[in-house]
Structures are given as C-alpha cells and as structure tokens.
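Have a look at the structure that comes next, please.
We just call them A, B and C in the order they show up, numbering each chain from 1.
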Amino acid sequence: MAIRAEPVVVNIGPQHPSTHGVMRLRVSFDGEIIVDVEPVFGYLHRGSEKLAEERNYVQALTLTDRLDYVASMTNNQAYCLAVERLLGVEVPERAQYLRVIAAELQRIASHMVAIGFFLQDLGALATPLMYCFRIRENILDMFEMLCGARITVSYMRPGGVYADAPEEFWPALDKFIANTPHLFDDLEKLIVENEIVLVRTKGTGVLKLESAIAGSISGPVLRGSGLPWDWRRADPYDIYQRVQFDIPVGQRGDNYDRFQVRLEEIKQSLRIVQQCREQIQPGLARAELPFILRPPAGAEAYGRVESPKGELAFYMVSDGSVAPYRCKVRSPSLINLTVLKELLLGSKLADMIVTLGSIDINMGEVDR
Amino acid sequence: MLGKGLVKGLAVTMKNFFKSPTTVQYPEERVRQHARFRGEEFVWYEERCTGCASCAKYCPLGIIRIVTKPSKTAMQEGDKYDIEVFDIDIGRCMFCGLCVEACPYDALFMGSGFEEGALRRDDLVITVDELRNAPKRPSTWFRPQLESRKYDPHTGKPLPWEEVGREQWPWHQKEKAGAKITRRVQRGGASEGQP
Amino acid sequence: MVPFLQENVVFRGVYCFFGGNDGNATWCGGRDGIFPGGWEWLAFFIAGFTIMFILVNGALLGAAVFVWAERRLIARFQLRRGPNRWGPFGLLQPIADLLKLITKEDLVPTSADKIVFTVVPIVMLASLLLSLAVIPFARNTYLADLNIGVLYFIAVGTLSTLGVFMAGWASGNRYAVFGAMRGVAMLISYEVPLILSLVGVVLLAGSMSMVSVVEAQLIPFVLVQPLGMLIFMLGISAELNRTPFDILEAESEIIAGYHTEYSGIKFALMQAAEMAGVLAASAVLSTLFLGGWSGPFLSGELGAMWFLLKLAFFAFLFIWIRSTFPRLRIDQIMAFAWKFLLPLALINLVATAVEVYFFAYYNAAVPGEITRSEQWIMAAINLPLAIGSIALFSRFLRERIAAPSPRLEPKVAIIQPAEAAD
C-alpha cells in the first residue's frame, strides 16, 4: 500500500515580516519544494485611480506620492510628464535639472531600502539595513530642505517643480556627493563578497530573459536577466540625454545579479547627480501656467519614467474639465509580480523569501 | 579563499563599532527641521484672511470647514468676511500644503512643529480660537517672501501679520489705520468707496 | 566527605567557619567551627548550598548581563545606542524584559501535550546548569573535577537537543514539529565535528579533566590547535542556534520555530537557558583553548579575573559574529557540517595524534609529557596545516562562493533614443 502524500498549503498571510507590505501568498509545498503559488493582493487598495477622477490635476498629484511610497519623486515625475503632454507645455530647463536631481536621489534612497531589506530577509539582523539607512537619512534630509516633507514629497508640479531649491540645498548636496562613496564602500565591503550572501543568492530565483520579456518585466529585474534596457536611454525625458551614465546588466538573472544591479545603479545615480550639479544654470523653476489646469478635451497622454522599480507610467485622458477623465497607473511592481509563479516554482522554501525581496515590490504600487 | 569575505565584513563592523552612534536621543535632543518643513500646526492670520475659502476648496481631502458671516469692520461687498468657524481636522490632514498654495492673500501658512498629539480624536480638530491664539511661526513652504528674508521658523521670532504677505490688499491699509467702515452696498454697479 | 570538595576554596572556607575540626576534617587547620560537634552535616549542607547558590545565581545573572551586553553591543555595531532608558546605561533592561515576560499570559495550546510542554523549559535550564558543574573558574574554584570533564560537558549539553524536540512535538502545531525536526537534525549533525575537535585538546593534555587541560597549557592551545578551536567555535554556534546558524529562530522563515507556542515565564526560561548557554560555551572555550585561569600575573587562586576576561572576549566574539552575518539555509548548514567541518576535524585529529605520539611517546624523556618548546613546534606545524586545509576546501567550493569578477558588466545601452517625444 503506497503512502498517500499531499502537498502542504501554507498561508504566508498579509501580516508577515518579509512580504514587503500586505501581500498574501498561498504556497503549496511538497516537502521543501514549492509546487504552487497563488498570490492574493488588494489589501492596500485605496482606489487611487478613481479618486484621481474627482480631484483636479494638482490635487491628484498628492495621490501619486502615495503609490510607491518609498520613491515618491519618480511617481510625481511620471504624473507631471503625462499632464504636461496633455497640456502641451514645455518645462524650463532648470526645472528639468532639478527634477532629475530629485529623481536620482530618490533612486538611491529607494535602492537603499531594497538592499537593506533584502539583507534583512537573508537574516543579517539589521546591520546592513542600518548602514543603508545612514545614507538614506541624508537624502531624506535634503528632500526636507527642498519641499518640507521627507517621504510624501509632492515636490513637482505640472510645468516644473513647485519652487526652486533653497540656498542651503546646494552645500548639502555637495557634502552628500563627497561623503556617500565612502559610506557606500563600507556597505559594499560588508555584503558583496560575503560568502554567506553569495551562497544563498547565487543560482536561486533565476529568471530567464525570454520569460522576462514575455512578462513585460522592467527595471532592475529585467536588467539582471541580461537586457540593457533603461527608459532613461530608450525614451529620454527631462535632460537625460545630456548626462553620461552606464547601465549595469547582469548575466544570469538570479538573485545575486539583481542585487548587484541595484548596487551599481546607485553609483551611476551619484554620477548623474554630480553632472547635473555641474551643469545646472539659473532659470525658471516652474512654467507659468494657470492655477486651475484644463487640458483640451479628448487629449490623452502616456508619461513614462524609469522608476527605481521599473517602468512607471501614467496614461491620462482628459475631457476638458478640471479633473482627469481617466488616470491609469502602469505600476512596475504589479507587472513584475506576474512572473512570481515562474520564479518560485521548484525553489526551496527559504529561497522564496529571498526571491520576493530581490524583485523589490511595493504594495502601495501593486494595489494602488 | 573561503572566509575572506567574512573577515572583511567583520572588519567593517568593527570599524563602525568605534564610530559614534547616529542616534538622536529624543526628547532630550532633537533633529533640526528645515525652514520649509510642513508642520502639523497651522499659522493663520485673521487680519489677512477674507474668508474666501479657497483653501477649503483646494484641499484634496476636504477637511477644512469654513463658516463666515458678513463682517462688521470691512463692510464693502466682496471685501472681507468674519470667520465664525474655521476647522482644520489634522486627524485626517496629510499636510500636503495645497491649502497654503491656494491662499491668495497669504493668510494661511504651514506650521513648523510636529508634536500635536492628542488623547482623543476629537481634540485633533484645530478650531478657529486655537488658530487665533497659536504662536505665529510660519514655515516658509510656498512663501518666497519669507524665504528671501531667510526666516527660520524654528529659531526666529513670531511674525506679525504686516510682515508676512506679498501684497498689501486695500483692507490691510484700512485695518492699519483702524478705520471704521459703515455698510453701503450698491447693487448693479461698483460699490462706493468708503469714507 | 566528598574528597574533591576539600580543595574548593569557597567550600572549605564556609565549612570550616561553621563546622571546623572534627575527626574527618583535619584540613581545617585546627580551628573549631561555630557549631557543636555532631552538627557537621549542617555545616556541609550550608557550604554546599552556598556554592550552588553562587553558581546558579551567577549563571542566571550572567545570562541577564549577557542579554544587556548583547543588545548594547549589537546596537553599537549598527551605529545606534542600545537600550539606555531603564537604569544607568540601561542595566535594568533585562529586569524590565523579565517583568514583561512574567506578566504575560501563559498560554498552553489545547492540542498540546501539557506535561511535556511544561517540562521543556526545565529540561533546557537543567541541561545548562548541570554543565556548569565542571567549569573551573580559578585554581581550586570549581564544583567538581570529574576526570571525564570534557565528555560530561558535551553529554549534558546535548540534553537541550532533546528539549528542542520535546518542545516542537508537544506544541501540537505541525509547523513547530517541522521546525523542531530540522533543528534536531542540525544539532545532531554538529555534535560530531564538535566532539572530534575536542579530542585534539584531550590528546594534548592526556586527560579529559578540565583542570588538567588548563594545567597542561604551557602555551594557550589556540595556537597549538587553531583548527580545533575554529571547528569548536562553529560547532558550538550551531548548537546554540546563533547566527549564522539561527535558522530555528528566524522570524523571516515561515516554518515556525520550536518555541512558537511558548509565552510568558516558560519562554523566559528558555531564553535564559540559551543566553547562559552562550556564556557556558565561552567558558569552555576559554578553559580549553586560552588557558582558563592562567595569566602573566595574579593567576592561580586569584585567576578568576583572567577567566572572566577570556570569557568576556569569547562572548564578544559571538556577539560580533551575530551582528555581521546573514544566516545560512538548512541544507547549507548540514552540508557545511558534514562536508566541511567533519573532514577538517578528522585532519586535525590525525595530525594531532601523530604529533602527540611523536613528542610524548616516541623519543620523550618522560613519556606522556610535552614540553613547552614541543608545544611551540606543534603550533608551528598546525597553523600552516589549518590554513592549508581551509584553502584546499575552498577550492572545491569556489564556484559556489566566489564573487564573479567583474561582478557586472556596465554597459551603455545600444538602443538609439526614440525620436522626440510627442
């Protein structure tokens, strides 16, 4: 008589230290191997897209801060790009430079969160997390100088940024550019050649390039699988044509490559910030637009940026009134999660948490 | 060789062991906020406010409630109202500062503090009397006139209503002069000037 | 009168104070004690109780101090301060934690096996306290000098493995059983290299008694047995569920640990046993590998100061490792034990056995004795051997653990920018 075996279904519930927000996974195990994954989202759904239809264009900007709450500047940037395309206005150059500086600083901050929590999930008891947050704290301080808030910034407006940077911002930025490589080296020495990190992340969570392209993956996940695709180069917006930066690309598509891609992107972002600091000229920080915006009826626009998590885009349709008719968010975290099942099937239990951490999702974006 | 990365990691942690910690011991020490900080109090100058309720209309959450009645001092139609109720519910406010952005008369400013905790949710509504009596240390968010004066709300002194605005509206001059205005309203035409 | 207690300074002092001279106790120096004749049994009882009191309370207070020290030190490694609100420097924080745990509800799940569930913290604490019996704090300051001291320590320490499995099984939670089974597999696998690494020390000393190991250390055995100490440290980290082997306590793993269902005072006792276990392990490490109570000055009977210093050093080492490294996966932990530590332990054993035979028996003046210079020669042989064998093994593991170089290839994208956006 054969022993009947059936897979164990474990519910990694919405409250869990490692699911990066409120996400539920119903995982079936055969011993230690995962045989089925069913993700359940929606715990953080706040109806942002519908709420945006009830608010005018600047009020809806405050909603966009809260989509990917770890990287608000790039959310604002994508939204403002879409609205500017609806209106057909051009943004002054100084405003574009300020936007790029803010966006790249935000990219560094977001990657610090991603890397810190990735290592926390690996079990490194918050030490690398604290080193990451040491750097991130400086960035958030600079954001407070710029616009008064650290996380939900609402810094940008359609037509530019809301105001020029204060005088105290530029010395702080110079100090940041000077100090961060040293702090970052500390972090790298702690984690990059660490054998335990290597042995746990190499070869696990492999995403093949064909699956990534078929699943519309973008961001560091796609670049970790081998394709050097970055929207700042493929479809440049703001002043990205004028700055030099490299695009780090991984070879194998495993957790280690995605993690390395993020580390390298931080260095490239620092490079961009430095070049912008040198190139910026005095000028207007905001285009002269009416207080209440009314784009022409029937206009539609797609504003896309390379956010730290991937391709973030807003598709907006206007009907001539003060509020958008439709504001759809193409959120990278949600699209990146479509390959979750493929990534996790066949891997072990302990690798599941690590893989989820390396995709770097944010539930505010997934659920909107 | 096995262990080299591990030893490097140990060296990094040991080096940071001897650095001083980055902790700021709240409440004995505090982190300094910047001038543009969007704080939890609000700074409202009644002398500058006309009761137009632009702030209430522009608030994305609709938490500002304004009830006005015709004014007894500035009695020209369209000039200024008396504010009876001006409630801001900071229990639901997200401190986006759009209300401050909307105010055409520079009457509303973001505050500079953040220690506004209360024990009951109802106590989180700022009423008009609290707004009148609160210390006037406005944040420089969206107020370039304060920024060009390099005003720092955390170290500077409270500002009176004459000094905080960009433009001086007609009733400001009247209020300064202490004039009493009698009510004369004309329909279908411009209102008459005051004495 | 049990013979080995006569040497114990504390016991002798208290006994002679109370019981004094009688026909048996000629070692009190001729003084009479307080009690009249015939009451020596009471003096014995008081003296024994004093020792036990000091030992048990020292262990538990040490656990509390260790908890405080660990939180403060890990915080310093992470660039922050630890708890510093309760008491000066936060010294009363463990008391606050203890009060919190005592006042929590003591839940026993309905599907649990109640008797076993309750007995588990007792088993774990008992295993720890029994193992303290053989640790020598200074010359003639120990509870017992068993001539199987090292073996006794390991044997009693293994009782906690039984406690782990009892905890998992009696919780009535199938995930706790999974976790406990993993834990037991890990703990038992690490016993093998642990014991083998100690055999080298035993060979050098010629006896399993801890006191004779300390006295045989003409130079600290960490130099003579570097591989042994490394294997012992890694093995005892795994036995204590310390990072990088703390898979059983990990909060980001979804398979719950064996102590999931424990709350309140039971949990407090299990944590105390674990923390004090780190101290016991550090004590054994400092006894067997660093020379126990010996030091350049004030050693011997007053050597407790040196012993505590060495113990603190090893405790610091455990804390330092915990705050730096992530944790390994369970199959990697098992592979590490069987495929890395065990062969190294065997290499160490064979090398030490050959050296001891050569130096102590082959052409030795006094058979069984190793002089200081011979120990230095052995150190000079063993240290390169240790480095060499670790390097040899790392060649086998190279493709798993080596960082690729260059790590990434930075590229400038070859995609042409699109035409000006609409």
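Everything that follows uses one rule, which is that a residue touches a chain if its C-beta (ideal position, glycine included) is under 8 Å from a C-beta of that chain, and two chains touch if they have at least 3 such contacts.
Everything numeric here is computed off the predicted structure, so don't read it as measured data.
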Chain separated most widely from chain A, comparing mean CA positions: C
Central chain of the complex, centres being mean CA coordinates: A
Intercentroid distance (Cα basis), chain B paired with chain A, Å: 32
Computed distance of Cα centres, chain C from chain B, in Å: 60
Geometric centre distance via CA averages, chain C-chain A, whole Å: 45
Set of chain C residues in contact with two or more other chains: 77-80, 323-325, 401, 403
Junction residues of chain B - those touching two or more other chains: 2-3, 5-6, 9, 12-13, 16, 22
Multi-partner residues of chain A (at least 2 other chains): 127, 131, 134, 190, 192-196, 198
Touch list for chain C against partner chain B, complex: 73, 75-81, 320-321, 323-325, 390-391, 393-394, 397, 401, 403
Sites on chain A touched by chain C in the complex: 10, 12, 16-18, 32, 85, 119-127, 130-131, 134, 190, 192-200, 202, 228-230, 233-237, 241, 246-251, 257, 260-261, 264, 268, 348-351, 353
List of chain B residues in touch with chain A within their complex: 2-6, 8-9, 11-13, 15-16, 22, 33-38, 58, 60, 94-98, 101-102, 110, 139, 141-142, 144, 147
Contact footprint of chain C on chain B as seen in their complex: 1-3, 5-6, 9-10, 12-14, 16-17, 19, 21-23, 25
Residues of chain A that touch chain B when the two form their complex: 55, 58-60, 62-63, 127, 131, 134, 137, 141, 144-149, 152, 154, 162-163, 166, 168, 186, 189-196, 198, 291
